Structures are given as C-alpha cells and as structure tokens.
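Worksheet: the structure to be examined is printed underneath.
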Amino acid sequence: MINKKFIGVIGGGQCSKEEARQAEEVGRELARRGAILVCGGLGGIMRAACKGASSEGGTTVGILPGNSIQAANPYVQIPIVTGLGEARNVIVVKSAQAVIAIGGSYGTLSEIGHALKNGIPVIGLNTWSLSRNSRQDRSIIPAQSPTDAVDKALDLATSPKYKE
Amino acid sequence: MINKKFIGVIGGGQCSKEEARQAEEVGRELARRGAILVCGGLGGIMRAACKGASSEGGTTVGILPGNSIQAANPYVQIPIVTGLGEARNVIVVKSAQAVIAIGGSYGTLSEIGHALKNGIPVIGLNTWSLSRNSRQDRSIIPAQSPTDAVDKALDLATSPKYKE
Amino acid sequence: MINKKFIGVIGGGQCSKEEARQAEEVGRELARRGAILVCGGLGGIMRAACKGASSEGGTTVGILPGNSIQAANPYVQIPIVTGLGEARNVIVVKSAQAVIAIGGSYGTLSEIGHALKNGIPVIGLNTWSLSRNSRQDRSIIPAQSPTDAVDKALDLATSPKYKE
Amino acid sequence: MINKKFIGVIGGGQCSKEEARQAEEVGRELARRGAILVCGGLGGIMRAACKGASSEGGTTVGILPGNSIQAANPYVQIPIVTGLGEARNVIVVKSAQAVIAIGGSYGTLSEIGHALKNGIPVIGLNTWSLSRNSRQDRSIIPAQSPTDAVDKALDLATSPKYKE
C-alpha cells in the first residue's frame, strides 16, 4: 500500500532563470522529503523541477499533452502520454494532493482554476493574483521561498487513502 | 458552407438573479444577431443564456460534463455528452470564436485560462480580475452591459473558415 | 424542450465509393426522419453522411479531434472543437442514442467498443465482426441496407428525456 | 535518461480465476524483466497484474477513470487521476509501447481499437477475435501463455527515445 504524497508543480514551458532556480529547488526539496513530483512533463518550470527532484533521487511523473514521449524533458521518469492537448492540465492537478504554482501564464491559470475547483490546495511563488468583485481572492496561498512552498504543500496535502 | 459565429457563454452553475438577468440578455442578443450559443449546458448562467437565446429563436449547444443529457438545462437544443468532467471546459472554449464570462467561480477561471491560452478573446461582465507581478492583466476585455459584451464578442470573433 | 433523436454515424476517414454511397443514403434518410446526425466531422464516411443529411435539410454535428474547424468537412453545421485527438471518439458515441457503423478501421473499432460499453446500440453495415471465446458476438446488429440501418437505429434510440 | 519499457495490461474489471492467474503471472514476468506496468488501475485483470508486478518489486502505474484514488487497487504505486471516464482508455494505451490484452469485454475492445489505431502492438491472451469483410484480422498477435505474451510484448515494444 502506498503512503507517498504526490505534489504537482505547475508553471510556464518557458521561464526566467530565477524561476527555473526556484523550480529546481522545489524539486530537490520535494525529493528530499520523499514526495513524488507530478507535472506536465515539458520544458521550463517543469524541466527545472524534474531536474531538481532527479538530482536528489526523487520520482518524477510527466503528464504529456502530445502523442509521444519525445517532447518529455529528460528528467521525467514516468511519462504519461495523453494526446489530449491542454485538457491534460486537468489530470496534472487531479493527480496531485497539492499544487505549487511558479510564475506561469494562461496555461498555469487554467490549472489553478481546475485545482481550486477540485479543492486541491494551490501554493503560489510569484504567480497570478486573482480577485473577484474588488475583493482579493485568498485562494492561492503565497509562499516566500521554495522551501516555504514545499512546507506548505506537504502540510496541506492529504495523504492518499486506499481501500485496503 | 457555414458562416455562423459561435460564441461561448461561461459562468457559474449557480448565480445571482442579476447575473442571470445579464446572461439571459446576452443569450437574447446573440440570437438576434444570428450567432450560435455554446456553453457547458448546465444551470445558472448557462441556463439563463440558453433561455434567452431560445426565446429569440437562436440555436444553443450544451457541452455536458456527465454521461447523460438528463443534467442539461431544458433550453439546450444540441446536447454534447462528454463524460469528461471538467475537462469538457476546454471544449466549450475551443468550440467558440469568442467567449463572454459572466460572474463565475473557479470553473470559469479555468475556462478563462484555456481561452486565453488558445488566443480566444474573453469579454468579461463582473467576472475575475487577474494580475501578474503587480501589473494589471489586460487579457479580459471588460464590458459595460450585456449588449456591449455581445458587440465586442462578435467584433472579435473570427468567422469560421472552411476548406471549401 | 427537445424531442429530436441524435444518431451517430461512424466509419473511416477514407472509404470506398460504395461505402460513401451508403453513408450518404444513411445521412439523407436520417434527415428525412428528423434525426440529428452526430459524427467525427472529418472526411470519408463522415463527409458522405453529412452531405446526405444536408441535402435533405438535416442538422449535422461534427465532433472534431483537432484544434480548429479547418479540418471539418463542408457539410458540418455544428462543429465541436475538442483538441482531444482520438479521445473525441468517446464523445461521438456518448452524444448519440444509437450508432450506425459503416465499414471502418481501428478508430471505428474503438468507437464500437465505447458504444457497447455504454449500452448504446450499434447497427453495422459491412463493418467489423467480433467474437469472444469462439462464440460469435451478437452485439453489433447487422443491417441489410442504409434504410434498414436507419430503421433499426431509430427504433433502438431512446428519446432524450429532460428534467422539465 | 530513462530506458525502461512501459507495457500496458488491459482486460476486464471483473475476470475469471484463470484470467486473474494469467494476469498475475504477466505482472510478475514484466517486473522480472524490468518493465513498468501501465493499466487502468481498477480491479479484476488490472488488480491481478499489479499484484504480480508488485510481488516482484516492479513499478505499477494506474490510470484511473474517476476523480479519486479511492478506486485504485492497492497494488497501484503511481495513481493518475483523470476524471475522464472511459476516455482514459486512450491514455492507458498511448502510455504503453505494447499492450497485452487478457480476456476483457467492450472496454477492452475500445482499448484494442485505440492501440491498433496508434500503431501500438497488441498481444492477446484469450481475448477478442476480430474480422472485417470475412477476412480474419491479423492485428491481434496471439500468445500461448503469460510468458509468451511478455516475450512478444517486450520484443515489439520500441524503447522510448528522449531528446537528450
């Protein structure tokens, strides 16, 4: 029976060096704590996070939008080939018990929406700010650093419960 | 050969009376202008918009999340049964040439993200405000009224082009 | 409230002239009886069926695998853009109350499987034969002609029931 | 860089004792050879195959149709939560380089169709027989035993090739 935590890392397929540095540190820290990294499997934030996790012996799952594993970054260990395009974003968040958003553009925004819709906690590092009716939305939990983001994600992740 | 415009209307499955009034007026106005309404097929904003469109003889398409048409609101004329859950949100926006967002919660937020990711214009009526890095995002085009929203959506919708 | 029947027509994106003739006749007959045609929106069988239905003033829905309506055949009136690749096959069958399979290859086989899994009747015109454990499977109902196929599909289609 | 082979095991969520025995042996043999098992994550054939693989220290991926990991069998180590219903069948086969079908009903038939459509080899153990136009279809490669099925699947699986 499994008792690992699965944490999603979401963010742009292209990103700044500083964002990549943060994502790599998030990946390393997740691996050190024994969590399994789930992401969209491509470049940018996803590649940096997988690289970090791999460097610490962690497990990485990449849920790919296309029809082949050719597009996967080289640090993905478990490639899931969906052929679903952006609809795969839903699977990335549903397969995680908490999600860390780093930077990101509209694809990341869609993932934040899907996560919150499903009651999956979203921790944000320099990502979108949301508001409705002039009130600041409190749904994205801000983190001060990669380590803080991982702390919060693991605290909020509900451990998977199996039937047996 | 088709030369209709397909306009998405997105928003909560539950909504205020004022939002429902706006959605119904959007539906009526879309029908008067000959546009086909695409939505998620359920209640709240979707039901009100379909009701408005139907009252003016318009065509309504409802892209349903579940496995049966039982959940469709009674004003859906073309029910599409996906069984995909929220992943159907992607289909709602991709099947439209422009999207009008009215109010809405996290599901609507995911649809806004998917639309903008795909370059589909989003017109907003009292919906989410977004920002990144302290800069106001200009990606949601605000409308002042249902008629203004329909004007802007039809202006921005690129007419479908077929091979023949 | 809707009381139309939605009938799926499935088959290859490429087909023989004889198969195209049969598909066109199926489309014509569905339109004459007031049924709405649902298909995958592309060429071959799908195009022929949509052409037949259009020629008799019927309504055609094309559930497209790609990200644009450019690939739709010119007789699709309601294009649904999924971006899901072959996963859209599931939507074609779930959106129909009965399915007519004409010829077809492996994509059609997957649709037959999805339809039967969901209890949606499949009528076959020169399509796959299936067996399990040396017993002939009786799940595909053979038709002798396009008109016979439409007769059987409409008999077996359960009329959609809405809440109101 | 990964150089594992990913092999799908497909079959019914309910199965006979003999089929379960075969699936468990397939799982054990895949694990002994270092392959990663991909399946739909539920009971029956899927559970037996995951149990076999786990007993030999193998890795198991379960691509779930629902919205929670509660439905996963207890031998799934990497649960992927899709919420897509049967559309997840497409992901099971696309994520594998070859597929072993054991028994199975209509869901399995849809997976066989999707696999063959995508050029993914299908090895069959007491599963569907297919024919078109009175000719026996040669597309499912018959196996004589679980070990024979694994031999053939690993021979036919193309090793994943990454960019780096």
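Every chain is named by a letter (A, B, C and D) in the order it is written, and numbering of its residues begins at 1.
Following the convention adopted for this analysis, a residue touches a chain if its C-beta (ideal position, glycine included) is under 8 Å from a C-beta of that chain, and two chains touch if they have at least 3 such contacts.
These figures come from a predicted structure and were not determined experimentally.
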item: Neighbouring chains common to subunit B and subunit C, by label; value: A, D
item: Relative to subunit B, chain with the most remote C-alpha centre; value: D
item: For subunit A paired with subunit D, centre-to-centre distance based on mean C-alpha positions, whole Å; value: 27
item: Between subunit B and subunit D, centroid-to-centroid distance (C-alpha), Å; value: 39
item: Multi-chain contact residues (two or more partners), subunit D; value: 67, 83-87, 90-91, 118
item: Complex interface listing, subunit C residues touching subunit B; value: 1-2, 6, 36, 59, 61, 63, 67, 69-70, 72, 74, 76-84, 90-91, 94-95, 118, 160-164
item: Complex contact set, residues of subunit A against subunit B; value: 84-87, 89-90, 105-114, 116-118, 126-133, 139
item: Subunit D to subunit B touching residues, read off their complex; value: 67, 83-87
